[in-house]
Amino acid sequence: MLTKQDVTDLIYERKRASGLSWARIAEDIGMSEVFVTSACLGMNTLPREKAEALVLNLGLPQEAAVVLSEYPTKVFSQTVPTDPCIYRFYEIIGVYGQTLKELIQEKGGDGIMSAIDFDMSVEKVPYPKGDRIEIRMSGKFLSYNAW
Amino acid sequence: MLTKQDVTDLIYERKRASGLSWARIAEDIGMSEVFVTSACLGMNTLPREKAEALVLNLGLPQEAAVVLSEYPTKVFSQTVPTDPCIYRFYEIIGVYGQTLKELIQEKGGDGIMSAIDFDMSVEKVPYPKGDRIEIRMSGKFLSYNAW
Amino acid sequence: MLTKQDVTDLIYERKRASGLSWARIAEDIGMSEVFVTSACLGMNTLPREKAEALVLNLGLPQEAAVVLSEYPTKVFSQTVPTDPCIYRFYEIIGVYGQTLKELIQEKGGDGIMSAIDFDMSVEKVPYPKGDRIEIRMSGKFLSYNAW
Amino acid sequence: MLTKQDVTDLIYERKRASGLSWARIAEDIGMSEVFVTSACLGMNTLPREKAEALVLNLGLPQEAAVVLSEYPTKVFSQTVPTDPCIYRFYEIIGVYGQTLKELIQEKGGDGIMSAIDFDMSVEKVPYPKGDRIEIRMSGKFLSYNAW
Amino acid sequence: MLTKQDVTDLIYERKRASGLSWARIAEDIGMSEVFVTSACLGMNTLPREKAEALVLNLGLPQEAAVVLSEYPTKVFSQTVPTDPCIYRFYEIIGVYGQTLKELIQEKGGDGIMSAIDFDMSVEKVPYPKGDRIEIRMSGKFLSYNAW
Amino acid sequence: MLTKQDVTDLIYERKRASGLSWARIAEDIGMSEVFVTSACLGMNTLPREKAEALVLNLGLPQEAAVVLSEYPTKVFSQTVPTDPCIYRFYEIIGVYGQTLKELIQEKGGDGIMSAIDFDMSVEKVPYPKGDRIEIRMSGKFLSYNAW
Amino acid sequence: MLTKQDVTDLIYERKRASGLSWARIAEDIGMSEVFVTSACLGMNTLPREKAEALVLNLGLPQEAAVVLSEYPTKVFSQTVPTDPCIYRFYEIIGVYGQTLKELIQEKGGDGIMSAIDFDMSVEKVPYPKGDRIEIRMSGKFLSYNAW
Amino acid sequence: MLTKQDVTDLIYERKRASGLSWARIAEDIGMSEVFVTSACLGMNTLPREKAEALVLNLGLPQEAAVVLSEYPTKVFSQTVPTDPCIYRFYEIIGVYGQTLKELIQEKGGDGIMSAIDFDMSVEKVPYPKGDRIEIRMSGKFLSYNAW
Amino acid sequence: MLTKQDVTDLIYERKRASGLSWARIAEDIGMSEVFVTSACLGMNTLPREKAEALVLNLGLPQEAAVVLSEYPTKVFSQTVPTDPCIYRFYEIIGVYGQTLKELIQEKGGDGIMSAIDFDMSVEKVPYPKGDRIEIRMSGKFLSYNAW
Amino acid sequence: MLTKQDVTDLIYERKRASGLSWARIAEDIGMSEVFVTSACLGMNTLPREKAEALVLNLGLPQEAAVVLSEYPTKVFSQTVPTDPCIYRFYEIIGVYGQTLKELIQEKGGDGIMSAIDFDMSVEKVPYPKGDRIEIRMSGKFLSYNAW
């Protein structure tokens, strides 16, 4: 029985062999690159017909489409990530976490930004002083209940 | 001798008494609300003249301007934040961290988004299905050195 | 400046002196006992007029009403709670967590139960073989976004 | 020798192949879906005759019935669960743990809710503002001994 | 307002001044020494009349009796205890924990020994090869529910 | 080369196949059930002739007797055990650890109960209000050296 | 009421003022320097008459003698010590721990070296290639019980 | 390619089969038993000719001599060791660590005992009140640099 | 599909067989020994043509060149390294970390030394009192943004 | 009695008031800025006459010179430092630790770089592409003992 990890390994293998980018893999099934990449890494669920298209495009076994559309148990095993590219985001949350809370609640009242009804994009933007990475996150504002 | 924590406490006190928002405090010294809030919470350094303006506006003691322009040691004591509003961001990094790495490196080569040459904004945006919080982060792309 | 902790201490003091129950304190301001208790312990926000009523009923200083209606930073310092009464709930989540996930997703698709748009009750119910505690939790079902 | 984990893997395999729900698997042996799911995941003990029925219904090897009725060592390896659906329950215990303790003890005296003489249900309930998940937990009240 | 810790400190002070043993303090109020000691250390609840007797015997302030009969939040801050006398018990649980589980379940079926409906004694017993400490623990057997 | 874990697995296999209890396995070699169980789980050393008898009784390979009489490295990998039956003992040490220390030292002076020159028994005892589990631990009292 | 920590602080104060060495403080009461130092740091119990002599010699308040002869709860708060001088010993145990176990058990059978019936010395010894520190530890060999 | 762990496993196998002691294995190559044992456990480097002699004596494959003379990465995976024989040394460092520091620095000035230019012995010594284990450690005294 | 770990293992194997040093391996492809070693250990990315040269020189399979030029996820699994040679650097950061921060910020203003636009060298230098290891690190100074 | 922390606080106070740099404070007593800063932060020992000069220069109380020349217990409380400027060094050790070990041992044989017989410098160096921070560390090479 194929696991999520098996399918991720197969995708990396096809990616290395074919030279396809995540951007292209996502575009070919008509979804965003952040979402498709996260689903290929086993952290999100592809709608079944999207999974089938992806499996067809990459030449993966049919069972992979079932696996890609199953609901993952999202496990991140490093409490503090060590890869520098990922750690910087952890650091940003550490440094600006209380600030984000102050401003979200100043704007919306007692509540949070949802991480479930959520989307995100990543872009590289050229600037005179050097290219910048721009991240945009958008999540539904959820108010705490009082009862 | 006033510490960063003392100054943060004083600012919260004046904020509660005056009803001023972070947005207003920031606007009154001509800087962004994310940056000013983080500096007031002891996580960033205000330029000296901005610190003096803020101190004047809030009626803080003169020494507070010195403190606000000193370089903080950024300590975040919770390895995993427990406040739900902050935890959701930690969760996003856990779930999408590897995805962010894949896409940043696909777009820029081996490197990272800087958390130092960095800025961020927070907005609440109305949507038919409910308001959304939108976060925009921008950091310089830094390439790994090979030597 | 009164902190959330100061107000919690004051409430415990008045409770000990007056013998009032949480049930009574909550009923007197027309809200549920779970919510009011959690707000008195600094883990939720009372609506301002409810906070003023509570402060009046318990004879607390006026500033306490402001504090009770401010948005708390929810910090729980024990990663694994040690008090037996609280640990048992931690254990239930450990033993049944994956089961809850399987069933919530079987019933609703890929998603979660919200802990924000959420309410809860606690009752003691008599049974022939001994009284039972019954907890009822209700949270909005939130679907993961695909984009 | 089959282990609990082997049997769980076999059940997932049959579930994927047959499309059976946990609700149906449980109903077919006349037990609740929470309990049967937890036993299939290796976290509870099925009575022997129930185990045999389940093994028959799913077409598992005979030895699986022995395994399902052995007493598991309940190991949950993540001190803080990372899957969002499970984490929300951990968060609820963190935020409301002391509140639960206050109310259980106000109602029953010094004691706890048992996690052993315990049952639980999960339902999805439609509401105008969106479906809700409702959890009901029931555990025997146990008084501390004084001696 | 006196806290549990304040009362523990007062009791240690009176114990040092008076030279009274825990055995004597317990006997004077007609309860066991394990239970009374644990209550004096803030880990159990004395019945109100016992608390009043103890307060009288030790010459503590009246409020201490209220505190001793309040329900404690049992916090043990060292996950692994470092004092050698306490560590040895932690080690015993580490070395013999699975053995205890095997034998309790062999004798009683799937279940546990309660730590709530529980009592314990400690004795020093002379032996030719050297005195021994004998601990006796007794807890109600609780069967897991199947439903 | 057989490891301790291999031998434990073989014993579980024979136990499942034969239906023998730990009590019977121990009695057949004339030792206590706590000690024999712990040795079978790899946490103690059987005297060589006892190991040979056990191997004969259970029909294990000859090498198993060598392994059972080798000195184990006692590793318990969960700092806080999660199985409820084992956790309750951890909780008892947490709640009563300081009490045990006070009473052992009141009775014997500055010292500890040995966990090496140590024995233990587990019984289930019928009581009108429900069966109880009774644990008896006995360890040599060891005085601290002053020099 | 003086605590162990208070007495340690007083001793450091007198040591700084008087320039007395630990060697001299120990010699003046006729005990070893390791034991006396550890007792002064709150990690061992001085016999009462030794405590009184020490208190007299250093000019400490009379109550300090009571405190020095009370049984300490030995708490070491750093799981991994950070001071280089102490860390090196931790490292030695990490690197040579399994070796020590192999050799102690080869020489004495299944058992351990006691840390309770234990003494230790520290010397600086001149060598041509540079002075060496020599530590000698001696603890009673304790055999595991089989029963 | 043989790893350090493979070689350790082979040595244990030959030791069990041949009944050779560590003392004998060490003596046969003319080195101390502590050092040779630690090298066989993968925690030190044997000089090449010693490694060849040991490999010859134990009948190991030739490649093992290469492996035994490679420089190990010293990994000890348990931050706090659980085996009682090893834990007691950890406890000694916890209880006496600050004492060791005080005395080493009183004798030598600001500095430490080296754990690199270091040797150690373990002996069992008969005493009327019972055998004792005696550990002798010797490490070069290293002074902190001031510059 | 070869992983980074597979390639590292192959390189160690060829190194052991050929006796080549890291210095020589690096020199043969015209890059520094620190960078090449770190890339061979899976912690950096070799430029593709350098990877091909290295693969040719060491006689590795062609796929290894692809792997060596892929971007690694940098995982270091020990939060506190235990190998003494690596630990000493951890200790230096612990002891001098705040000092480094004070001096970097005194010289450059609020900012940091980049670990990305970074290079390093390691040399052994002979001195009369004994050889010394000299590490040189160089990283771009990055100023915090104010906005 | 002044503690190391008290003296550090006093030095920060004088530094803020006087505007003196660490470079100047160090130069005025004829020592390096890294060493003097670390001693002022309580992480090293100033020679007594240097301590007296520094105390005179900064106008500190006389007792501060005694404190500055006492041997500190070096405690760093964050296992993983959170301040970005300090974290980057931790990251460098994580990423390059094994590389440093390989190269130090290739150059010197089995051994380490001392962190005790050690010195360090920090410089800011102008470069066309932006200023760089250059760190130089130098520690004595220590060979492991074989015995």
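Here the chain labels run A, B, C, D, E, F, G, H, I and J in written order, and each chain numbers its own residues starting at 1.
As a working rule, contacts are C-beta pairs under 8 Å (C-beta built on N, C-alpha and C of every residue); 3 or more make two chains touch, one makes a residue touch a chain.
Each chain and its UniProt protein: A, B, C, D, E, F, G, H, I, J = Cyanate hydratase.
Everything numeric here is computed off the predicted structure, so don't read it as measured data.
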Inset, instruction - Supply the minimal count of touching-chain steps required to go from subunit B to subunit J. - result: 1
Inset, instruction - Decide which interface, C-F or E-F, involves more C-beta pairs in contact, and give its chain pair. - result: E-F
Inset, instruction - Match interface B-D to one of B-J, H-I or C-F, accepting only the pair for which over half of the contact pairs are the same residue numbers. - result: C-F
Inset, instruction - To the nearest 5 degrees, please report the angle of the rotation taking subunit B's Cα atoms onto subunit C. - result: 70
Legend entry - Inter-chain centre distance, subunit F versus subunit H - centres from mean C-alpha coordinates, in Å: 30
Inset, instruction - List the centre-to-centre spacing of subunit B and subunit E in whole Å, with centres computed as mean CA coordinates. - result: 48
Legend entry - Separation of mean Cα positions, subunit E and subunit D [Å, integer]: 32
Inset, instruction - Quick one: which residues in subunit F touch 2 or more of the other chains? - result: 44, 73-74, 76, 79-80, 82-84, 91, 94-95, 98, 101, 105, 111-112, 114-116, 118
Legend entry - Those chain pairs that satisfy the touch definition: A-B, A-C, A-D, A-I, A-J, B-C, B-D, B-I, B-J, C-D, C-E, C-F, D-E, D-F, E-F, E-G, E-H, F-G, F-H, G-H, G-I, G-J, H-I, H-J, I-J
Inset, instruction - Spell out the residues on subunit B that touch subunit A in their complex, using ranges where they run on. - result: 21-23, 33-34, 37-38, 41, 43, 74, 76, 79-81, 83-86, 88-108, 111-115, 118, 120, 122-125, 127, 129-141
Inset, instruction - Could you please specify the touching residues of subunit E with respect to subunit H in the complex? - result: 80, 82, 84, 87, 91, 94-95
Legend entry - For the subunit A and subunit C complex, residues of the former touching the latter: 31-32, 35, 44-47, 50, 71, 73, 98, 101, 105, 110-112, 114, 116-119, 142-147
Legend entry - subunit F - residues contacting subunit H, complex: 1, 66, 70, 73-76, 79, 115-116
Inset, instruction - Would you pull the subunit C residues touching subunit E in the complex into a rising list? - result: 9, 12-13, 16, 78, 80, 82-84
